[in-house]
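One chain, chain A, links the two complexes that follow: it is found with chain B in the first and with chain C in the second.
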Partner chain A sequence: MSDALLPLGGAAFEGIVTIRETGPQGMIQLRGDLSDPGLAAAVEQASGAAMPAPLGAHVTGPRGLLWMSPDELMVLVPYADAARTVAELGRALGDRHALVADVSDARAHFTVEGAHLRDVLAKLTPADMRREALAPGTLRRTRLAQVAAGLWLRDPLTAQVFCFRSVAGYMFDLLSAAASEGSEVFHHRA
Partner chain B sequence: MLILKCPYCGVMADETELSPGGEAHLTRHGPGSDDTEFEAYLFMRENPRGVHFERWRHAHGCGKWFHAARCTQTLEVFGTYSAQTTRPPQDLLDTISEKRPGWRWRDLA
Partner chain C sequence: MSTRLATGGRLTDRSDRLEFTFNGKRLTGFAGDTLASALLANDQMLVGRSFKYHRPRGVVASGAEEPNALVNLGTGDRVEPNQRATTTELFHGLSATSQNHWPSLEHDIGALNGLVAPVLTAGFYYKMFIHPRPFWKHIYEPFIRQSAGLGRAPDPEARDPDTYEHVHAHVDVLVLGGGVAGLQAAHAAGAAGAQVLLLEQSPHLGGRAPVDGGTIDGQDPEAWVEATVAALKAMDNVDIRTRTMGAGIYDHGYVLGYERLNDHAPWLAGPRHRLWRIRAGQVVTATGAIERPLSFAGNDVPGVMLASAMRDYLVNYGVAAGDRTVVVTNNDDAYRTAIILKQAGLDVPAILDAREYGGGALAAEARALGIRVEQGRAIAKVQGGKRVTGVAICAQAGAGGLLEEIPCDAVAMSGGWSPVVHLWSHCGGKLLWDDAQAMFRPDPDRAPTGADGAPMLRVAGAANGFLRLGDTLRDAEAQGREAAAALGFTPGAGAAPAAEATEEAPLAPVWLMPQGARDDLRKKAWLDYQNDVKVSDVQLAAQEGFESVEHTKRYTTLGMATDQGKLSNINGLATLSRALGEEIPQVGTTTFRPPYTPISMGAIAGEAKGKLFQPIRKTPLHDWHEAHGAHWEPVGQWRRPYAYPQPGESVHDAVMREVTATRTGLGLLDASTLGKILVKGPDAGRFMDMMYTNMMSTLKPGRCRYGLMCSENGFLIDDGVVARIDDQTFLCHTTTGGADRIHAHMEEWLQTEWWDWQVYTANLTEQYAQIAVVGPKARAVLDKLGGMDLSAEALPFMGWAEGTLGGLPARVFRISFSGELSFEVAVPAHRGRALWERLHEAGAEFGATPYGTEALHIMRAEKGFIMIGDETDGTVIPQDLGLHWAISKKKDDYLGKRAQARSHMTDPDRWQLVGLETLEGGVLPDGAYAVAPGRNANGQRNTQGRVTSSYHSPTLGRGIAMGLVHKGPERMGEEIAFAMEDGETMMRARIVSPVFFDPDGEKQNV
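Let's look at the complex of A and B:
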């Protein structure tokens, strides 16, 4: 297998927050009946994370589960484990009506780190960035300027943003512009 | 600016995160229908000042279609509800009746 290439080669920007392209991250899209205990057991086994409630993001390091919609999960695993995990999930799900797809190379990941991260993201998204609305562990699928994105907070000072790989350059420029030096808003506290 | 609560994922979604789907509760008239029915299905739309029922899709979110009831005059949102229905839920109709006595929309009132 060829080596994984990050869309932007691990680009980074230092402004009022730090923007860093991260990865490669193993990502498996799973669609199916999330209320099925058998499915829940299979994804918990694969990711090592507990099944999230709606809008939940249970992530530790490179492993975790993101609740994407009432019938969709994103299973996060180390990049090297993605293909194997897809096969295991396929076996575990058996005859269930479900879809398991390796989308590791189809998404780009960024971390936004720093005390101003809520302000920086609020410049770009209509999502409610208040602490009450988006606590660590909550996933929000929304848009950043003109493109679809998902985001969650790993901890109060670190947000993880992911988007389609094809718009990775746009996303990085966007985040960098919103984080440019001297553009603090001082609205949201970290 | 509209903010609608997606009944599927529970997110308060801004209008710009949604795709508009036009008028709600249309009955499809296809092959075998008469010209009047087909014309009504294709072209005849409500354009009310006041209570209105629409379809929206949470395009930049969970991706689900849903229904919304709102007032076109004040942009007040009465509620959102599942797409898997041909009629708004009764409690929503009651809420609208309370807020807009005497309202009428197609065969709903």
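Let's look at the complex of A and C:
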């Protein structure tokens, strides 16, 4: 795996929040009937996380489950485990109608860390960044400025942002600009 | 003369002296000054020239409504025209210049326009410049452009060095305006538990109350404001932003705010402006009221000012607009100005009260101070040119007969107050005419409504027509509570503070002074200062038949300047209604539109400038391409290498080299941008048969098939190679630009029409780096990497295989878009760079050459392969392109089948795809038309075909092209002429097969 290159090689920026490119992150796209207990058992087994409710993000370290849409989940596993997990999931799902694909390389990940993270994200997304609307464990698929993105809070002071790989550079520049010196908003409470 | 008094100025800090320049002249002011107050402190009464007549103009107001004091602010890359001096905070080093004069502010040749003013009336341009026609463009327009207009646009090469940003906020109650009403409404809503955001356009909270006096809860208004702001700041659920204007209100509680972060301190780090994009549950506008001018002759001479503004300059900045001020009014409020001036030791020779019955308690107070008060009197005319020297007095009831002349150097006027209803009206709130107060105020029964049909907006205080302090606060408390209650919060037991204000006598509407003013006086009585519109212009419009206020506005330009008629609207429409003999409510108002005052383009753009102007999509190999001198081509939001010119090599030569190297040895192409959509499910085969014109369900796992996709209208929308992964799974390759669009197209059909089919799709485009390995040495280099058997037997043409190639997990598709032996290798994106570099390393001995999109295009054109977007343009069906072989005859249906059976689609006269070979070896211009004899009904030349792709082929050593030609395939060998850009010169070409090179496919089948 030594030849696996992150889109930006792990770029970082220090401003009113800290931006860091993270990964590689194993990601498996799963489309299927999320109300099927057999499917839930399979993804819980694969990720070690509990099945999330709509808009849920159950993540611990590199493992977890993200609720992406009414018929789609993202299964998070360590990067090196992704191919094996795809095969295991395929077996566990048997002949259920489902789509399982390794998309570990399709997206870039960033952490946004610091007390101003809600204000910084609110500069870029129209989604509600208030505490009551985005508690840790809530996933938002939205846009940041001109590109699609997803985000959730790992803890009250750390947001995880992901976007398509091809716009990783745009995303990093965007987050960095939103975190530039002197641009504190002091509107959202941490 | 205007001057700074020895003491006073509650907003200025006299210990902090600031230097600034006006028209290059060095002046000083104090911290806390506005540019307007600092100019007045320096006796700079004349601040600009008017739009049409170049009349001298001075500061008339003290806030956002100012029409005259517009300046060019800043220099070089930071120059900005039309900045209001009244809302520009002074800072050390500020540089301003006045506008619309030549050669100088003091001596302006354009003022000669004033001499011909009698002909420059409303509609003059329309009447005068219509004939002779060519004169408009060549003579009139250049002259008018030179003479009219206000600020100068920045140099086209200037680049704004500042940064801007947006921020989104979601709040329960948004309060716009931070005067006492706004503060009280915010307090009421905040106390009920709602999340409150309050925006105030100026740097100070409290609005006019500290200047206008009275008591609130027994306190001086300033002390009350201080205590209330402190209480609000202590509330965790209230956020107060000063220097932030509520700019516009839109549907569903969407509001734009405009924050100016460092206009007052340009040395600060951070963004200059911030655009607030707010979603509010309820909005309360507490935007106050604006004083109206009176329409008398010479009401635009520098030194004539709104009475409230004169009070503001005195109390807030310690600046007197004059030593001897005549006050003219139709209401009691202006007496406050006279009293304050007198108390400051300045002379007030007279108060001219247009009302026969005169004023109330304030008038008595003025009289007690020894001020002469004249009832039923008016100004016939202001004397003076560049500044006021006196006023001629007459009876308000008459036509302007002179009674007396009073020397003075300033005039304070008040025609009553107009609530700021702009924001209420932005989103459809309707207005009521309040006859007693002579004002339009919001009609609470016709409020802007939200998605639930209930009012989303309330108005509080003076903006709601409550001009007296106590009424204002009671209304504000009620509106704040109701806004919170509308969102389900329970207001507590709090009550509005008790306020005391002096009793006032009723106002008398005065729309013209004197009421029967003679013609010569009406022609000097200004309504719209900024656009130079007079009472006589509006009367003329009415006389000429303009009955609608909207038409009159456009004909006279009343209210169309950058101030949007904040001072002139009501006076203008009252003048119109009188001229039409109708009541004011019958005439109605013009439409208020956002923004309330102009906001910067930078704030609208936000972060989207420079490298953030648009996202650029980059493949995993992008950095390599950049390091190797790629000449880029934008393809959608992607950047793809067009070619890789070497040092000293032209782009064209590079393309030729890349084609030859690929055809003779080994070429490598970054094909990562091609769309890759996974289609899976028990109904996948059935779905694929509907999506593609071909039969896809019969494709065997391990095999690939080229397919076409059409819209339901039959037109070709995309093409690409489909690989069958297993029984239930297909991988669809799309064009670069088609990836997202085709994925959405598939999902739309699955979600809306075939929701009961068991099919899932996934867009895997970005998961893979895909590299085309092309040329006679393609297999050799892959064999060198090792790990997979890619022999002709193991992996025949149009097959795919999965394995480990050079240590990387790979899928290899044996497909060709060039006619060469060709493999497309897909690896996980993070490892694309590794594969690319290994291929270059291993391919060095074969002359491995990276090639770009242009070489790709040439090679596909040499083979006669179509390109979506070149051979198709949304009007082309596969049958036009000779692609009948890719349209299944066996299937019952596919998207587009029915449309393709319609008569126009089967018309034998449709233009058909052919190859075009130029006779003299030249290259046909892309898009050129083949001319046919005769002309059509519109007099245009008839055509019989057009070029869809055209290149110089290095392989064949001549120009090749593809084109759509009338009955083309039946005309092989015929020569036709294509018109060049001039429409006259022709280039001849022979109709040939579109397959120019290796028609039997011998090169790819090895």
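Methods note: the second predicted complex is superposed on the first by the 188 of 190 C-alpha atoms of A that agree within 3 Å, B and C clash if a C-alpha of one lies under 4 Å from a C-alpha of the other, contacts with A are read in each partner's own complex, and residues count from 1 in each chain.
Convention: contacts are C-beta pairs under 8 Å (C-beta built on N, C-alpha and C of every residue); 3 or more make two chains touch, one makes a residue touch a chain.
Treat the numbers as computed from the prediction; the structure is a model and nothing was measured.
Asker: May I ask you to decide whether A:Thr18 touches chain B, chain C, both, or neither, giving the answer as first, second, both or neither?
Answerer: A:Thr18: touches no partner chain.
Asker: After lining up the shared chain so the two structures overlap, which partner does A:Ser180 touch, if you call chain B first and chain C second: first, second, both or neither?
Answerer: Only chain C is touched by A:Ser180; chain B is not.
Asker: Return the chain, chain B or chain C, that is in touch with more residues of chain A.
Answerer: C
Asker: Taking the superposition as given, does A:Ser69 touch the first partner, chain B, the second, chain C, both, or neither?
Answerer: After superposing on A, A:Ser69 lies in contact with chain B but is clear of chain C.
Asker: Which partner does A:Asp128 contact after superposing on A: first (chain B), second (chain C), both, neither?
Answerer: both
Asker: Scan A:Val167 for contacts with chain B and chain C and give back first, second, both or neither.
Answerer: Only chain C; A:Val167 stays clear of chain B.
Asker: Between chain B (first) and chain C (second), which does A:Thr158 come into contact with in this model arrangement: first, second, both, or neither?
Answerer: neither
Asker: Check whether A:His97 is in contact with chain B, with chain C, with both or with neither, and answer first, second, both or neither.
Answerer: Touch status of A:His97: second partner only.
Asker: Please identify the positions on chain A that touch both chain B and chain C, taking each partner from its own complex.
Answerer: Chain A residues touching both partners: 126-128.
Asker: Once bound in the complex, which stretches of chain C touch chain A?
Answerer: Residues 163, 165-170, 195, 197, 236, 239, 268-271, 274, 277, 279, 606-608, 611-612, 614-620, 638, 678, 680-682, 758, 760-762, 764-768, 808-809, 828-831, 833-834.
Asker: With touch defined as at the start, can you tell me which chain A residues reach chain B in the complex?
Answerer: Listed in rising order, the residues of chain A that touch chain B are 54-55, 68-70, 72, 126-128, 140-143, 148.
Asker: List the residues on chain A that touch chain C in their complex, please.
Answerer: Against chain C, the touching part of chain A is residues 3-7, 24, 29, 31-32, 71, 83, 97-99, 101-107, 119, 122-130, 133, 145-147, 164-170, 173-174, 177-178, 180-185, 187, 189.
Asker: Can you check the complex and tell me which residues of chain B touch chain A?
Answerer: My answer: residues 8-12, 14, 16-17, 59-64.
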